[in-house]
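One chain, subunit A, links the two complexes that follow: it is found with subunit B in the first and with subunit C in the second.
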Partner chain A sequence: MDTSMEQDQVPFLSSSSHGIDMIEGEMSSSSNRTNQNGLSTLDEPVIDTIKRDLGAVFRKFGYAVIPRHSSTLLQQWDLWGPLILVTTLAILLQSSATKSSTGVQFAEVFTLMLIGSIAVTVNSQLLGGKISFFQSVCVLGYCLLPLLLSAFINNILLYIPTKSTIPILHIIRFLIVMTAFAWTMYASVRFLGQTQHPNRRMLVLYPIFLFYFLIAWLIILHAHPK
Partner chain B sequence: MAQLLSNEEEVLEAFDPSIAASRRFKHPIAVFFHMAFRSLAIVAYFMCSWAKASFVTSFVIIIVLLSMDFWTVKNITGRLLAGLRYWNYVDDAGNNHWIFESKKGTDKSTVSPIESNIFWLSLVFTILLWILLTITTLFSPTYIIITGAALALNVTNLYGFVRCKFGSNEKLSDEMKKTVFKSFLSRVTSGAGGNMPSSTDNEQQQSSAARTMFGP
Partner chain C sequence: MFSSDGFLSDKFSNKGPGQTHIFTSFPNSAVDPDDDSSLDNKSNNDQLYGYNPSNTEQLPLPATVNNTKNEQLNIWQIEYYQKYFQIDTQQILERLVASITPRPNKSYFNSTIRQNPDLYGPFWVCITFIVTVAIGGNILTYFRTPDTEFQIDFSKITLSALLICFYWWLMPTCIYFFFRWHLQRIEYIFIELLCIYGYSLTIFIPVSILWMIPITWLQWLLTILSSLISGSVLIVAFWPTVNSDPKRFNAISMLIILFAHLVMAISIMLVFFHISDTNMNEKKESIMISSTKSKV
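Let's look at the complex of A and B:
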């Protein structure tokens, strides 16, 4: 009895217990009908779903910026944040003059993100940690937010005309990007470092360090506004 | 007289959902959005190449449309039109589980056959179209990313739903599925920052279960 009571709260049945099929079927259809009444107006649940998902995405951004101990980023991963951040970063890093190579440059950032995530995942799994590809894409992507902000500031700074021989502007840009890089590293270390044995933490962090350093370097090298 | 008859039909429908399901569209808005996003993505692809838009612009527009289509099909129209759902779940030990669910038994009759057909046919047809487009862009290193991504997203959805329909999760025992679902729900409701009170209301559970199906 307990089994069927629990199972009728799940409107979608995926079990194959044949003994009490009849009872399960009726109970779930009555509970499903009350669910249908609640879901019959598509507006309400869809808006709820959208609100929840949007809320989750923003919450993850919050965790990426101010790292707290939370399992949200790892256990309830989603790829919306990485998509938005990587696309925005790719747009900000455009600087080519010829039309044909803008596409290639745009794709560079995506390829970098993809290969970086694969490298981090494989490395982490080989070292005994349990992390899937999607989780590492999620963490690496969300923690990109500080670097994205620094790229944005970078682009704005490049519009300030400077005629002095001392490359003050470049020094400021370098410092800002390096600060963002350190912040990003700290955030992703707090999330990805959890999954590892303390002795192996440095080994796991090395590809993450390389990945973010590459992106930071791309940002610094973007010295000519389009 | 006609008035009386139509009331009778409605009364009958209230007791037997299969009558309602088989007769008409139950979720017209869902069907509309299901078709809208994927048609828009394909139209945008052709428009961008006809208008000679820059790669970046066309990439962003098409990818946005494709991801909205993917999310809608996975989380909303799959659930409403075909009664299928699949999601990923990472437990506390760090193990990855993919869970495929489908409506069974008498619930199956609440799925309208017209909508189910539209769902499956549009899925397959879209994939065929994107395969064709991928072949045309095989020698362009940049546009193949767009068509490749479109193909990958649609094939993922098709694979997930096919696995739901011809279910292959007999290996998960019933007990385990129950515990997985319950712990998943408790984490979801507590992880929502206390916004949703953890009640055992059916609606609440279903809507909170629908919550985290955003992860592609």
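Let's look at the complex of A and C:
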């Protein structure tokens, strides 16, 4: 920034008594993102915005599935991923025979997950964690991906006809969902466990465990109507 | 140069003619929490995590020890409730163990909770109880109905949540008002009562998992045993206060507390886990009908 004060080598507080000079220059702030063409992001084609945001969402999915040390998930949080995951999971968990109560069931599951993530986040904040509300909701939502995959597999396995005396299919489904639950816990512990003092880490991780445990049992107990 | 709390502070070293600034304290955001080499910087670590340690060596200090300023906090701010969450994992575990082992001489209340009532323990014990009751009730019906008819009963979650939270708040309210009007002094603040009652529900968590075993006499036995144990913990906690009063309601009030506890346990068991004989007969009939159909 070139100013007309460059001949002033004295510090600001003890400036001499010539009046206020005009300061001119260019300011480029980092919040006004521009791409290489120099257009601001409001003017770019919609497809570019969608591609960029979708890319960010998928990248975060990758981080949630294979937990690496990265601060992207925490610092550039967004709520698209959690929304997609929770909505898909709520649709998959519908099992009513009548059409009229499917809406109620969807609302129940969705509300349950919403209240659960809010409770876990508020708990972590109350215990003194240095994480903001939306960051925590973002991480909890993204880490749901393994459970969602297990719900897919669960639904597919339920189409296999089985004699009810042999519970082998139940055991397989149980094991798959529990593996996904363990994976989810591992991923969220990697991200959220670091934000707390070691003396209180278990106090913060236990509600997360409870939340994912409840969702895992909802998936296991889900059954198709014939 | 700047404040000593978290920003720059210079140390001038006397090497050479120029001044070398050594930054000794960093703003909290610059410390990488995953950096294991900062273990020697423990106080910085504490500040980073916003950790307000509750003294475990001596009696825990009151809430003025934490580093938030003494401003007027209203109930809409989260910092208002932080003073009820000044607790460590170790202390929580101690309180949980103490709430399932009644000791007639020592009231665990006076030694642990009174100095530092917390809301973490009771709240999450209640939530765990709600979750185990809801899941257990659903599992029990899952194994009892044929596969084609089972649906997850979400209303179990809401019903158990209502019942348990209602009990957890109702009894302390009654006791608080009883102490205020009848004994005319405030022995326990409301938070402490919530604490006691919340921790007393601890024993029901493993019991609610055992309630899934569909043997009727076992369920009743578990109910009575567990409500006796947690009821006696409650009585031990309240006895010193009530006993010092010459009025004759002491024994009756203790019995009422025990009775209410028993009623709560029995009602949860009956609503969520009970197998009545009529249900068993229906199941046998449906199995016989389906087997005769398959023969035909």
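Worth a mention:
Here is the rule we go by: the second predicted complex is superposed on the first by the 175 of 226 C-alpha atoms of A that agree within 3 Å, B and C clash if a C-alpha of one lies under 4 Å from a C-alpha of the other, contacts with A are read in each partner's own complex, and residues count from 1 in each chain.
Quick note on the criterion: a contact is a pair of C-beta atoms (placed from the backbone, for glycine too) under 8 Å apart; a residue touches a chain by one contact, two chains touch by 3 or more.
Source: prediction; values computed, not measured.
In the superposition on chain A, A:76 makes contact with subunit B only, while subunit C stays out of contact range. Of the two partner chains, subunit B is the only one that A:132 touches; subunit C does not reach it. Judged by the touch definition given at the top, the superposed model places A:52 against subunit B, while subunit C stays out of reach. After overlaying the two complexes on the shared chain, residue contacts for A:112 are found with subunit C alone; subunit B is out of touch.
Once the two complexes are laid over each other on the shared chain, residue contacts for A:218 go to subunit C alone; subunit B is not touched. More residues of subunit A are touched by B (comparison of subunit B with subunit C). Of the residues of subunit A, those at positions 129-130, 195 touch subunit B in one of the two structures and subunit C in the other. Residue ranges of subunit B in contact with subunit A, taken from their complex: 17, 27, 29-30, 54-56, 59-60, 63, 67, 71, 75-76, 80, 83, 85, 88, 90-96, 99-107, 110, 141-143, 145, 167, 169-170, 174, 177-178, 181-182, 187-188, 191-193, 195, 200, 202-203, 205-207, 210-212, 214-216. Of all residues in subunit A, only 3, 6-7, 9-17, 21, 24-26, 28-29, 31-36, 38-39, 42, 45-46, 48-49, 52-53, 55-57, 59, 71-72, 74-80, 83, 87, 90-91, 94, 99, 102-104, 106-107, 110, 129-132, 134-135, 138, 195 touch subunit B in the complex they form. Across the complex, subunit A is touched by residues 28, 33-34, 45-46, 48-53, 78, 81-82, 84-85, 87-90, 92, 120, 124, 127-128, 131, 135, 138-139, 142, 146-148, 150-152, 154, 157 of subunit C.
Residues of subunit A touching subunit C in their complex: 69, 93, 95-97, 105, 108-109, 112, 119, 122-123, 125-130, 164, 194-197, 199-203, 206-207, 210, 213-214, 217-218, 221-223, 225-226.
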